[in-house]
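Following are the structures in question.
In what comes next, chain A is part of two complexes: it sits with chain B in the first one and with chain C in the second one.
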Partner chain A sequence: MFNYTFQWKQAMARLPQMLDGAIVTMQVAILSMVIGILLAIVLTMFRLSGIRILSAVAKAWVEIARNTPALFQIYMAHFGLGSFGLHLSPFLSILIGITFNNAGYLTENFRGALKAIPDTQTRAARSLGMGAAGAFRHVVLPQMLRISFLPMTNQMVWAILMTSLGVTVGMNTDLYGVTQDLNALTFRTFELFALAAVIFYVITKIVTLGARLIAARLFRY
Partner chain B sequence: MIEIEHVRKSFGQLEVLKGIDLTVSKGEVVTIIGGSGSGKSTLLTCINGLEPIDSGRILIDGTEVHAKSTDLNKLRRKVGIVFQQWNAFPHLTVLENVTLAPRKVLGMARAEAEEIAVRQLTHVGLGDKLKTYPGRLSGGQQQRMAIARALAMSPEYMLFDEVTSALDPQLVGEVLDTLKMLAQEGMTMILVTHEMAFARDVSDRVAFFHQGVMAEIGPPQQIFGDPQHPETRKFLSSTRQ
Partner chain C sequence: MFDTALTAADFIFLAKGAGMTIVVTIISVIAGTVLGIVFGVIRYQLGAIWAAPLIFVLDIFRSIPLLIQLVLANAFMGTILRLNMSGFTVACIVLSMYTAAYCAEIVRGGIEAVPATTRRAARSLGMTWGQDMREIVLPLATRVALPSWIGLALGVMKDSALVYVVQVTELLRSTQILITRLQEPLLLLMICGAFYFVISFPLARFGGYLEKRWSND
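Now for the complex of A and B:
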């Protein structure tokens, strides 16, 4: 019957190692978000450029990112590029995979946000002598980022959780990877993964709350 | 001087401007009146090059607006425009709204831009709203801010497109007073308006637009007192009701 005895002490003894893993997880998530947002801004400009090849690139990116499994995107970064002779470390593979996913989703979010900004904003900026780039940067972009702030927070949470896919490409320094290795070592499966889940939960809660505080400070209009 | 010569403009099949001729000299105030869809707004957006034209030409101090070689961004510094609504940049304070273009377009230092902005905002009666976000201003205050913002670029010409028509009636007066003040200071302006009493008051000349044609133009006494064109009469009697 049920003869598994919980041994939380053993799991708790591994907490420092797991927290080290959590830091790596956050590094991947934060980097993938920062680069993802910058890429999404570039892809959004591609879309608005009216240059066919650029908008096609943006469109393809968004389509693939949103309509294929994140696992596939990470596999492509690792094994896909690997088969072309470009062998990336697990860290880089997971970073690139998640960044790709972030950029695709965020570009789509930005598209929605842009619809909420009336054309007259660009008109007003242009009529003050600003060029197209200046109008985008000073007038449209800040409003777009503000409207997209909540979706960006969601994507950040998603990015944190996606790091757990790193084990599939051999990543073993992040929270999930560390937990998996510890499990192989100690077989305290339930305790370790429950602990990892709690750490994930606490991190994402802190991120969501922190984002809310930042929003309240940043957006006073 | 703004010279508009035989300007034609279509949106698809619809010809909106059917050969407009109009010259506005320095210091002159010209008001455009006319029914909805007669092409008034379109003409203003053509003057500062926001819209292309199909034929004819528009010259501002001798520079052809729609010539390929014309630097529109530079030309637009000379020609301010205020639209009917949605002029304010909601993410910037009133002060930042006004300093944005002087800083980013003219490359002015922040202190200098703020000094000019404060002066212009005080001029339109918003000296106490510098740190406020536009969302907290009334419509009338937002329009006055938009006027200050345009003036901060020291334009030589100002275009106003029905700047009071989206406002509650009790807010119209304060904006019209601001426009009147500008006119008295000698600003060259082209105004589109539905405020007939105001047009009669400030204009050197009033132009009546009808279906893409400037049916009649003349001093306000003549347009309002003794209109020549039957459509002008029809339009004026309809607005009096």
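Now for the complex of A and C:
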């Protein structure tokens, strides 16, 4: 039953290539997260604006992002936009897909965070003479980002894991794509993917621990 | 203006894919929840130090992409153990463990939300540990855990889109097969997305409603 010879050396020999892939994975994840947070802030402002069209856009975005698979969103970015003649590179497709997903989930997180900030603070800021925008930017926004720091960390981990879906639209430079190409070369499926799994695990651990350290430093008071 | 090559047979093909998505989801969620409750209770009873191996294993399932878990499980069952399992079985096993890893955390959170004083009161009244768990903890923890559990079940349904990697033709995979043949990506993806949305949205709303209804404040 158990006559399989593990060839870890062959996998380890490809480690540098896979680490290069891991860097691309991190690039996608970080970019999608940064743009996602900015978009989520904009969507949150849409929601608060009271203008019906804008809040409907925000609502639709959140519901679509949360109620369809991430893979579907990536297909939509790649094949869906493609049918409008907008042919994106795999890197852009995966970036748009994950960013769309991130923005949707983060907007929902921000909504929860906003509930924790008392209304009276905004009113106090306004009565001190701040404009609506100033009150949002100086009083509400910093607290909102602070409260939703932990959910943002989770979303970052999700974004890293989601980059592995890029392979479905032909991305072969990220960690999963590189691993799959190497697998086609060597057929050491288990060894290569086990190594990729370890790299993913280490990356997510570094991100969560790093976030915890940053949180301890930022939120000392 | 709007003509399509989509035939009734293609619709049946899509519906079969949708059926596969639902079957995989239901099996994995049921098995994963049972396992998750067991793991969650063990995790709670043992405490963080003695349950460290369990925490580590469950954490692995949450920190590695599902795609890699599926490929690894398939390679492990197929080429190392030579078990000759179908892709469907592998998909269900992996998704169940994946569900269990998340469910264990939800269960632990639910148990921890039950005030210790309530449980001590139950034990002082002469209830056994089992009775305390069944009659006191279960109803109270369910209120805390059910909304997140609904979210988890929906998450598993969405993540089941990845089982194509072990040759299971579920909804998104059958959509892609049709896209390759018909070259009408937008229409087909819309149908596929609408299907996921129609299942997920009402349940997600129901979860949100329960959360609001059952929260103490």
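Everything below uses one rule, namely that the second predicted complex is superposed on the first by the 219 of 221 C-alpha atoms of A that agree within 3 Å, B and C clash if a C-alpha of one lies under 4 Å from a C-alpha of the other, contacts with A are read in each partner's own complex, and residues count from 1 in each chain.
Criterion: contacts are C-beta pairs under 8 Å (C-beta built on N, C-alpha and C of every residue); 3 or more make two chains touch, one makes a residue touch a chain.
Predicted model, so just to flag it, every value in this text is computed and none were measured.
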Check your understanding: Given the touch rule stated above, what does A:121 touch, chain B (first), chain C (second), both, or neither?
Key -> first
Exercise for review: Identify which of chain B and chain C touches the larger number of residues of chain A.
Suggested key: C
Practice item. Once the structures are superposed on A, label A:131 by its partner contacts, choosing first (chain B), second (chain C), both or neither. Key: first
Point to revise | Contacts of A:212 with chain B and chain C, given as first, second, both or neither | key: neither
Practice item. For A:220, decide between first (touching chain B), second (touching chain C), both and neither. Key: first
Practice item. Could you look at A:87 and tell me whether it touches chain B, chain C, both or neither (first, second, both, neither)? Key: neither
Review point. A:67 contacts which: chain B (first), chain C (second), both, neither?
Key: second
**Study point:** Those residues of chain A which chain B touches in one complex and chain C touches in the other
**Key:** none
Exercise for review: Using the touch definition up top, name the residues of chain B that touch chain A in the complex.
Suggested key: 48, 50, 73-74, 76-77, 80-81, 83, 85-87, 89-91, 100-101, 104-106, 133-135, 146, 149-150, 153
Practice item. Mind listing the chain A positions that touch chain C in their complex? Key: 1-2, 4, 63-64, 66-72, 75-76, 79-80, 82-84, 157, 161-162, 164-165, 167, 176, 189-190, 193-194, 196-197, 200-201, 204-205
Exercise for review: Would you tell me which residues of chain C are touching chain A in their complex?
Suggested key: 60, 63-69, 71-72, 75-76, 79-82, 154, 158-159, 161-162, 172, 175-176, 179, 184-186, 189, 192-193, 196-197, 200-201, 204
Study note, to complete from the structure: chain B partner, complex, touching residues on chain A are 118, 120-121, 123-131, 134, 138-139, 142-143, 146, 219-221
